[in-house]
Structure formats: structure tokens, C-alpha cells
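Before anything else, here is the set of structures, which you'll find just below.
Both complexes shown next keep chain A, but they swap its partner, so chain B is in the first and chain C is in the second.
Our next item is the complex of A and B:
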């Protein structure tokens, strides 16, 4: 029996899917923001922390980068549960992607830090700026330029990774909403095709905005 | 006054400063000359605590630079330094480069800091480049900006570490002119340099460094016209 496309039901549920897309964007943005903070700490721990700190950072970075993101989310959802820490599927997904982002970005930032010459720090310190101010006003802004492109990629990756939430039963994000509609209507191709288009759009809009922002930020 | 007393400095197994003693009075211009690796740049870095020392002491106006209790950030407000590689902050405009420390270290308001920066940049002849990014400037202009950046903190002392060594020959003059101007204004300066004519012209005293020690110290006339040590004479013959 041939499959006949029926787009009408998808169009009807488009508002629902757009709400899902918003949740997707929210998780990705949060995971990116929190992941960035941890990534900087991990990079600093590897750079200037003692042996123990550096080793702990290594475990995080190595695990995040060398195991499937799917497993990371799974292990957080079920693993923490078995320790008596019940996490809902939204938090498990958020934690999983944050963990993954931090691992990848830590390596990016490590490279970013070495892109800023030591002499810049020296010049700043010689003017009487303390360590934190030197970091904030001199090192971080220059590092941001070096890592901006990689961060944009990570954000797109992070948006797409949110689709893994479906494996821990998340129903509110774009993939979750789509899957819910799919099991009710069996219009699998139509729903997932439209969802894919939405993922593409979100990613593209983000990439283009980031490019515009970069051209404003890095005029030097 | 800067008082350097029997300073020793090691980089690992390398003994770079072997008992340097020297006093620099307020208003004095002292040049440090000598071959590369003779310790003169390292000596400069020790004066504002960018490098530590292993023995001896350095004090600036009675404050021990290397004492644990010394607030180096506070001390550095009074000691400006300009490096061989000018180290402009590339992400800030010329004006912002000079405004940063007065604002963040001295706590000046934006208007005050801007007024200081405009004045200092005008002083070194960069009044037209305020909104430019350093990448648009020549090496000589970037170096003059670095001088203005240090002067904006109204330091009591200025240290210059081979500030013309990385410049194209035709740009050396403009930077030396700026240094001449400062010496005429009575700034206390320690100048590490390979420009012998300049050292002779502006210095009150010249210190010849050799193998981590001050081999000879005297007025420019003494050092350049009648050096007492054979090493000094050899060095001068090789560079003049």
C-alpha cells in the first residue's frame, strides 16, 4: 500500500511544535551558559590548578568527549535515580548537555587561553591591574574572539542534542512534542520532516545572529 | 629613590644577576647598556616585581619590592614600564588602552580618565589617533601609545626595556624623541638601550652590565670616552 502524504494535521499542530521549539532553545541556551562557566573553570583547573584538580578536570573532559552524549544523559537520569536523587527528564537532559558542553568547551578555552600572549598579562599587571581585572579586561575579551566560532558550533550542536531528551521521556521539547503527535497520528514522515525543518531554522537563525554579533564585537 | 642592594637572580640553573647594587635618585636618568644576556632587562623586571629575586633587596621610596607584605599592584602605580614589544591591548582603541588603568586601578571617573588619556596621547603626538585600534598604528606609534599608557598613571619612575629594539630604523627617532622630552621634564628614568648615542645624550649616569654584574658605572663621559675596564672598552668598540 502506498503512503499518501497528509500535511494538514501537521499544520494544525504547528503552534504546539513551535512551543516545543522554544523549550528546545531554552534547554540549549541554559546548557550553553552553564556549560561555559564550568568550561572556563575546567580550563583554568587544567592550566593552573594542582595535580588533583587537573586530574578531576581531565576525567570530566575525557568522559564528555569520548562517550556518546546519549549515554551521558541516560546515566544521569537513571544513575542519579539509583543513588536516590530523582531528577526529572528536563533536568537530566539539561545536566547531560551541560556536562557535554563543558567538556568540549574546556578544550576550546584551553586553546583560547594560549592564543592570548603572556606579554599581554605582563603589560596589564605592570599597570597595577590585579589578576582578576587582568583576566576580565584583557585576557577574556581577546580569548572570546579566538573561541567565538567554536562556541557557535557548540551551541548548534547543543540545540541538536536536545532531541535526545526523548530517550528519558521528555515530552515538552520539539522532539518530545513531535513524538507525542506521531504516536497519536502515525504521520511519522510529515511530523519529523517539519520538526527537522524547525531545527534547521533555529540553528540557522542562531548562526547568522552570531555572525552579525561577531562583526560588531570584533572590529579590531 | 630606587635602592638595589646585592641582588641575585636565578632562572633555574642560570645565574643571571650576580650581586647587582645601584641607587637611582629622583630626577635621574640612568641608562643600562651591555650585551644581550648580560642581565639588564632582567634587572628592570625585578624593579617592579614582574620577576622575583633570590637574594638581596630592591626598595622603591623605602618600600621593599619583594617583601611578602608589599602590595605590588599599589607599588606598580608609581613605576611605569614600557616593553620592547609594545604590548598594545589589541581589542581596545588607543584611547581605551590609555584610559583602562586610570579607571580600573586609580578609580577615576570616565570623564577624568578620558581627559588624562587625551592629554597624554597629545603629549606623545597621538592626538589624532584616539579612536583607532592599535592594529592601524605603526610600530613607533604603538610604542608611543604604550608610553602614554604608562604615563597616564602619573608614575614617579619610568622603566624602558629596549623600547626601540623591535622598531624599523626609520621609526626609532620618534620614540627616542619622546624619551628625550620626558627626561627634559625631569622624569626619573631607567633606560635599557642599545642606542649608544642616545644613552650618552640623555643619561646622567650609565651602567655597563656584563655577565650579570654592573661592571662599570659612571657619567656618560667616563663610560664612553674613558672606560676603565677592558670589557667596557671591548663592548663599546663592538657597538659604536
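Our next item is the complex of A and C:
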């Protein structure tokens, strides 16, 4: 092999990459939080909304699930320009992942809602709780427990999807920072290898802490 | 040089040829992924923990790192080891191994879902291990995991969009090239999205239907 590894510049810029990892986590967590809210609304629209609402939810869900995530980010980054909206790469990535998360989670939540027995709703209603309070205090907690595992998987996907930001020119997340350093130094393998290790660590740490959290939250 | 060029039939044809590239890479990667996946899946399902765990651990790495980074790393091997492999081969291998990481778990869940008693019965009727796997376990497991395998194949199809980063002109990249000429990103991207949708949605529906039908029996 006629290749000499140069690890020193990578070690030197490790702090920069760690900051990038923080931005990655920030985007993934935001996209997950907003996506969850939209996913619940989408699932409810499909369950109990009218024909129009249900059809709109269908369009959202099927587009999110049947086209590449990168395509969705492109559509927001380049496509919204046609409406005179100038979206920077950070928002395009965040909106794209949020859209994708919401579509996938909506299907998960639909399954989760049907796992909560209908009798629970009726019992809560006959105890005098309103529709919204029934949803908030009775149905949602049980539904979220049923889909917790699927949600942690989606969060890992969310973290991995943030790497797509570099394709629309994002330079602040982990992949973006790595690509910037790569362009300057041409140490492609070394930088991306360290980035790969960081991504692996992030997803493992997240998975393990989610498992610990689940064992505390769902003791009963 | 003229401005305001509108979308022509040639642009559509160009995008369709991009779609053909997408399909070709998908087929090759799914083929690699499935054959490796069956191999590793059988190994994981039927071997002691000191073989099963390392395979699982190594394949888990491929599922925990963004595909984009894997593509860049694979592509850098090409120049590091002076392999001179065509980019298509790099893309198919990388996606294939990525698919294998998911397929292994699918195959494993299918094989462990076949009752041990059934497998033992086959063996005691005189079938060898290989005969039993080919004519008892795999057919039964296929029935169980076929819907998730379809999901995997569609996932790989969507992930092929990432190979544009290492310089392959597939559907998404071809739509981007058309956009630079036509200057109507929303229209061109919508057409690309429609092509993706038409490639994915019917197969996804078929998978969901098969899942429903096979669950009843």
C-alpha cells in the first residue's frame, strides 16, 4: 500500500468535529421533536379527520415514505425558491428531516393508537374528561409507551440523516465540518474515518441511554 | 445561448435514463445484500454465541454510520489501494454491504421463527443439514420475512440517491442537471419525485397486501 496515514491533523481538529457533532445532535433532536408533533397530528387526521384532511395526511405520509430523504431536502432547498422563499441549508435540512420523520412516525403512531383499547377512551369520557384531556392524559401516554422502541429507532435514523446536509452545502454539522477539513487537507480517509467513529459512538450512546430510560420509565 | 429554455422531451428521457441507473444499482446492491444476508443470517441463527455475536456486532457498525460517510470511505479505498475500480462497482459494493447488514437481521428473524420441532422432524426423516435448510427452513422463513425484505429493497432504492455524492448520475443527479438548464427546480424535482414514487409505491403496496394476506393463514 503506497499510502501514508496522517492522523495528526485529524487529532488537531477533533474539537472542531466534536462541535459539529453537537450541531448534528441539535438538528436531529429538533427534527425529532417537531416531527413527533406533526406525526401525532397526521395520525389523528387519518384516524378521525374528514376526507380532505385524511387525503392531505396521506399525501404527506406517502411522499415521505416513498421518496429518498435527500430528494425531500432538495425539494425544500431548491424547490421552495420557486415561491420566492430563500431557505438556507440548515433550515432545509431541518425541515427535510422533520418532514421525513413525521411521515414515518405517523405510520408508527397509527399502529400505536390502535394498540390502545377503545374502552379506555370510553371509560375516560364517561368519567367526565373532555376529548382533548382524554387524548392527553389517557390515550397519548399509553400510545407513546407502545411505540417507544420504534421512536428510538427513528431518532437514530434522524441522526444518520443529518449527514445529508453536506449535499446542500451545510458546513456546521459533523459531516459538513469533516468535508470542510477534507477539502482543505485532502486527508479524506482519516477525517471520514474519525467522523464514522463519532457517528457510531453517538448512535450507540443514544441507543443505550434510551434502553436505560425505558427500563426506568416502563417498570410497571 | 438563450434563456427561458423550457422542459423538453429530451430532458425527460435524460431523467428516465437516470432512473434506469437507479434501478440497476438497486438490483445489483439488493442481490449482493440478499446473498450475503442469507449467509450471515443463517450463520447468526444457527451458531454458538462466539460466532453469532461478532457477526452481529460488525454488521451493526454498518447500520450505525451514515451511508454517505460509508460511500466516501469506500471510495477513498479505491485511490488508497490503487484499485482503479469503476465508481459503479464501489457504489454497488458499499450499498450491497449496507443492505446485507439489514438483510442479516431479517433472515435471522425468519429462521428463528421456523419451529425447532419442524427442523428436527426434517432431520430425523433423513434430510442432511443442507437439504433441510434449502427445502424446509428457507421456504418457510421466506414466507415470514418477504414483506420486510420488500421494505429493505425499497429502502435501498431510496438510498441509491446518495451515490450522486461520489459522482454517479442517477435519477436525482440527472434532475439536478436538467434543473441547471431549465431553471425550474420545482417542476423538474416534482417529476423526479413522481418517478421515485411510481417505482416505490406499487411495490410497497404489494408488500403490505402480501403481509396482510399471509398473516391470516
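Here is the rule we go by: the second predicted complex is superposed on the first by the 219 of 220 C-alpha atoms of A that agree within 3 Å, B and C clash if a C-alpha of one lies under 4 Å from a C-alpha of the other, contacts with A are read in each partner's own complex, and residues count from 1 in each chain.
Definition applied: a residue touches a chain if its C-beta (ideal position, glycine included) is under 8 Å from a C-beta of that chain, and two chains touch if they have at least 3 such contacts.
All figures in this text were calculated on a predicted structure; none of them were measured in a lab.
Colleague: After lining up the shared chain so the two structures overlap, which partner does A:54 touch, if you call chain B first and chain C second: first, second, both or neither?
Modeller: Neither chain B nor chain C is touched by A:54.
Colleague: Could you tell me if A:166 is touching chain B, chain C, both of them or neither one (first, second, both, neither)?
Modeller: Once the two structures are laid over each other on A, A:166 reaches chain C alone.
Colleague: So, A:200: does it touch chain B (first), chain C (second), both, or neither?
Modeller: second
Colleague: After superposing on the shared chain, does chain C or chain B touch more chain A residues?
Modeller: C
Colleague: A:156 contacts which: chain B (first), chain C (second), both, neither?
Modeller: second
Colleague: Determine, under the contact definition given at the top, whether A:185 touches first (chain B), second (chain C), both, or neither.
Modeller: neither
Colleague: Would you sort A:125 into first (chain B), second (chain C), both or neither based on which partner it touches?
Modeller: After superposing on A, A:125 lies in contact with chain B but is clear of chain C.
Colleague: Can you list the chain B residues touching chain A in their complex?
Modeller: Result: residues 48, 50, 73-74, 76-77, 80-81, 83, 85, 87, 89-91, 100-101, 104-105, 133-135, 146, 149-150, 153 of chain B touch chain A.
Colleague: Hey, which residues of chain A end up touching chain B in the complex?
Modeller: That would be residues 119-120, 122-130, 133, 137-138, 141-142, 145, 218-220 of chain A.
Colleague: In the complex formed with chain A, which residues of chain C make contact?
Modeller: The contact residues of chain C facing chain A are 61, 64-70, 72-73, 76-77, 80-82, 154, 158-162, 164-165, 172, 176, 179, 184-187, 189-190, 192-193, 196-197, 200-201, 204.
Colleague: Using the touch rule from the top, collect the residues of chain A that touch chain C in their complex.
Modeller: 1-3, 62-63, 65-71, 74-75, 78-83, 156, 160-164, 166-167, 175, 188-189, 192-193, 195-196, 199-200, 203-204
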